[in-house]
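When the chains are written out, they are named A, B and C in that same order, and each has its own residue count from 1.
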Amino acid sequence: MVDHAQNRQTTGVPKIIVKDLMILYGNKTILRDVNLEIKENEIFGIIGPANSGKTSLLRALNRMDDMTAGMKVTGDIIFSGKRLQAWKNLYALRQRIGVVFPLPVGLPLSVFDNVALSPRLRGIRNQADLQVIVERCLRRAALWDEVKDRLHSLGSLLSGGQQQRLTIARALSQEPELLLLDEFSIAVDPVTTMRIEDVLKELRHELTIVLVTNLVQQARRLADRTAFFLKGECVEINETEKIFTRQAKDPRTMDYVEGRFG
Amino acid sequence: MIMNNITSADNNRRRASADRRNMDWYLDLLVRFLVFIGGISAIIFILGIFVFITSQGIGFLLDRFDIAEFFGSPLWRPTSEEHPTYGALALIVGTASITGFAMLVSVPFSLGAAIYIAEFAQGKVRETLKVLVELLAAIPSVVWGFIGLSIMNPFIIKLFNIPVGLNILNAGIILGLMAAPIMATIAEDALKAVPDTYREAAEAMGATRWQVISRVTLPSAKNGLMAAVLLGVGRGFGETMAVLMASGHSVNLPTSPFDSVRALTATIAAELGETAQGSEHYQALFTLGIFLFIVTFIINLTADIVVRGIRKGNI
Amino acid sequence: MTFEATELNIRNKKMEKLFRILFLMMTLLLILPVLIIICLLLAEGHEALSVDFFLTAPQNGMTAGGIFPALVGTLWLVAIALLVSVPLGVAAALYLSEYAPDNWLTRIINLAIVNLAGVPSIVHALFGVGAFVLFFGFGTSILAASFTLAIMTLPVVIVSTRESLQAVPLAFREACWNMGATRWQTIRHVVLPNSISGILTGIILEVSRSVGETAPIMFTGAAFFLPFLPQSVFDQTMALSLHLFVISTQVPGVPEHLPFGVALVLIGIVLLLNSISIAFRMYLRGKKKW
């Protein structure tokens, strides 16, 4: 953990600023009074028990509230210096943000088309270019070796772990500036998890990563800073090291990290 | 190298088009607009039907329509030289008696079939029965009418030793056979919509299959079953060709199932071709159409409300 | 105690068996008469069927000859009706399944569809006369009859298409939206490719339905007897379904096997189309894509 601090290469420029965020489903409040800043090229960890509003935060960051019946977001989210609410072309916004949700979704297209879909939507038609992109993304998601001989079989029929990595490859194919990962390792074996974690460490040179995880040790391994969410509230945001070395500000964070609940 | 080139070219293009509404954005808007037209076309058509049949029948409604005669007199004599009358009572009774008879025959059987298919039958048997029922529902009404005319008619004449076999009995059976597959299908859907956990809970308490069906499944599905019957009634009420061909088509207040009757729908089908456009008779037929439209609208609305009751969690 | 329980059990078992048989009988009583009737139709009508029957026009005041013009006319009517109802119906289904918010307008659209399906066919015919024949000035023509048919069968297309679209899980759409795909891109790349076969199945059903409809075309464009084939959509035409009605009720002296033959052809076409649609559906169900 000592070299962790030396590893930090964040530019210090805020990529995302969240101000007084509140998220409602119908009239049920899922998340309230969230204020946080995520810096460019940072890996920002979010930990917390189930139903603490972590996933809803990610949905709001990707402006998916627009596509979700009953979901309402108030407060401000500023992404790359611009308020999310002010975006005229939400699709262009979402293209710049890659998302990986815990339930892996292999689209019912070929493995190749799964990964080539986003580039195609951006207007890349050249087959050779697409091949390069697909191979690179699949390699980075640690899936290439397993699927390179069956790129034309259905992505939706891969195993759960493979679909999860396919989802990651698809997110990477967007060439995102921001990558939102929601418990990505839930369906993946430990060895593959480690390989993907290595990829994430590399990726942080190019983009900003928000990592929601149920594995506190994963946050410890990867995140520069970590936020602890509990029952719809952001309890604490702190240097990851402090949270894991008994220097957390809030006793509840300490309790959670040390496994006393959650 | 190549990889980096693509990436940087790609990124440059995106920075340039940071937050601009592009082709894809406008295309999505266009499609949204086009499919919206498709969506509201259903409303336009249902309103259009009402407006156009009313506009053709309005003259009669305003000048000649007499509510007491229309609903009270059995004399439908639009072609009478000296004194035409437009009493629809016999036609309404004709439609009601055929539909009623059809329901009498087909409701028990369709619900029975629905129960068997949903609760008893399994695997291949179930699939086969479902397919057969679906195929029955596909037979066109004019073919049903022909069956009534050429197969049921001689059969009824022989069986009951009566001069004419085109009557309530004939049309009712034909209509029953027509409506049954539809009712059975909807009723089966309603039964299948009852969660298996209900059945399992009852079975865990030691209930037999029939006890589960009669005490759990049927009460839970009652709205859906009612909607099935209502839609069957609506179908019977609006059926035209089969009823025209099998009912005997004589204006008559029936006293027994062996009497010939005439239905509202059949009257329009039989007479519209022989009237001059815009004549009183022609407008009167459109008035029958308005009446049919309103009644079926109410039946369908009721069925819809009943079904909505299911979705609101009444099961 | 145990003795009583077993006796109760036996009685329950017997009851259950009884009900099982009762309901089976009811199901069979629903299906068997129809099978018998179809056999009777076959027995009476098979002698009418020949290649000539399909390829010649009715002769001698429709008391002889075949059904060629009626067959061709039905083809015209159904084809033009499809041209109208498929784009409209698929659009409506796409709107309801992919775009429509859960609001009052959507509820009214759904209600309108239910009612459109429930309006009696003869009322559709009156609408066709009032709107297409008179108001839009198509006259009694294939165009007017086909439009009437199209509006009548529109709910079939909408409902079956919507069902096929909804069979594609929401998670696939969300995955696409998350990548920045527009709704239309999502539909084009993921939803439609995975529901198109289901939509086709529904369209086959609609064709089958249209072939048999009689009332809506009676006063809008189908003629009792025309010795020649239609040359354009503004001509009247014969139609198979109306032909059956005409020769079985309106024309004296038709030999018995003739209407039986027409009825057989109609039933044959309809059952064939439905069987294709069912087989197609089962094939698709066996071929899981997720």
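Basically, contacts are C-beta pairs under 8 Å (C-beta built on N, C-alpha and C of every residue); 3 or more make two chains touch, one makes a residue touch a chain.
Every value quoted in this text rests on a predicted model; they were computed, and no experiment measured them.
When the interfaces A-B and A-C are ranked by how many C-beta pairs touch across them, A-C comes first. With every chain reduced to the mean of its CA atoms, the largest distance from subunit C is reached by A.
Separation between the centroids of subunit B and subunit C, computed from CA atoms only, is 13 Å. Computed centre separation for the pair subunit A/subunit B is 51 angstrom, with centres defined by C-alpha atoms. With centres defined as mean CA coordinates, subunit C is found 49 Å away from subunit A. Of all residues in subunit A, those that touch two or more other chains are 91-93, 95-96, 121. In subunit C, 182, 185 are the positions where the chain touches two or more neighbouring chains simultaneously.
Among the residues of subunit B, those touching two or more other chains are numbered 24-25, 28.
Across the complex, subunit A meets subunit C through its residues 62, 64, 67, 69, 91-99, 101, 103, 105-109, 117-118, 120-121, 154, 156-157, 167, 170-171, 174. Within the complex formed with subunit B, the subunit A residues making contact are 82, 87-89, 91-93, 95-96, 119, 121-124, 129, 132-133, 136, 175.
Across the complex, subunit B meets subunit C through its residues 24-25, 27-28, 31-32, 34-43, 45-46, 48-49, 52-53, 55-56, 106, 108-110, 112-113, 115-117, 120-121, 129, 131-136, 138-143, 145-147, 149-151, 177, 180-181, 184, 208-211, 213, 231, 234-235, 237-241, 245, 265, 268-269, 272-273, 277, 285-286, 289, 292-293, 296-297, 299-301, 303-304. Subunit B contributes residues 2-3, 6-7, 10-11, 13-14, 17-22, 24-25, 28 to its touches with subunit A in the complex. Here subunit C touches subunit A in the complex through residues 101-102, 168, 171-172, 174-182, 185, 189-190, 193-194, 289-290, going by the rule given at the top.
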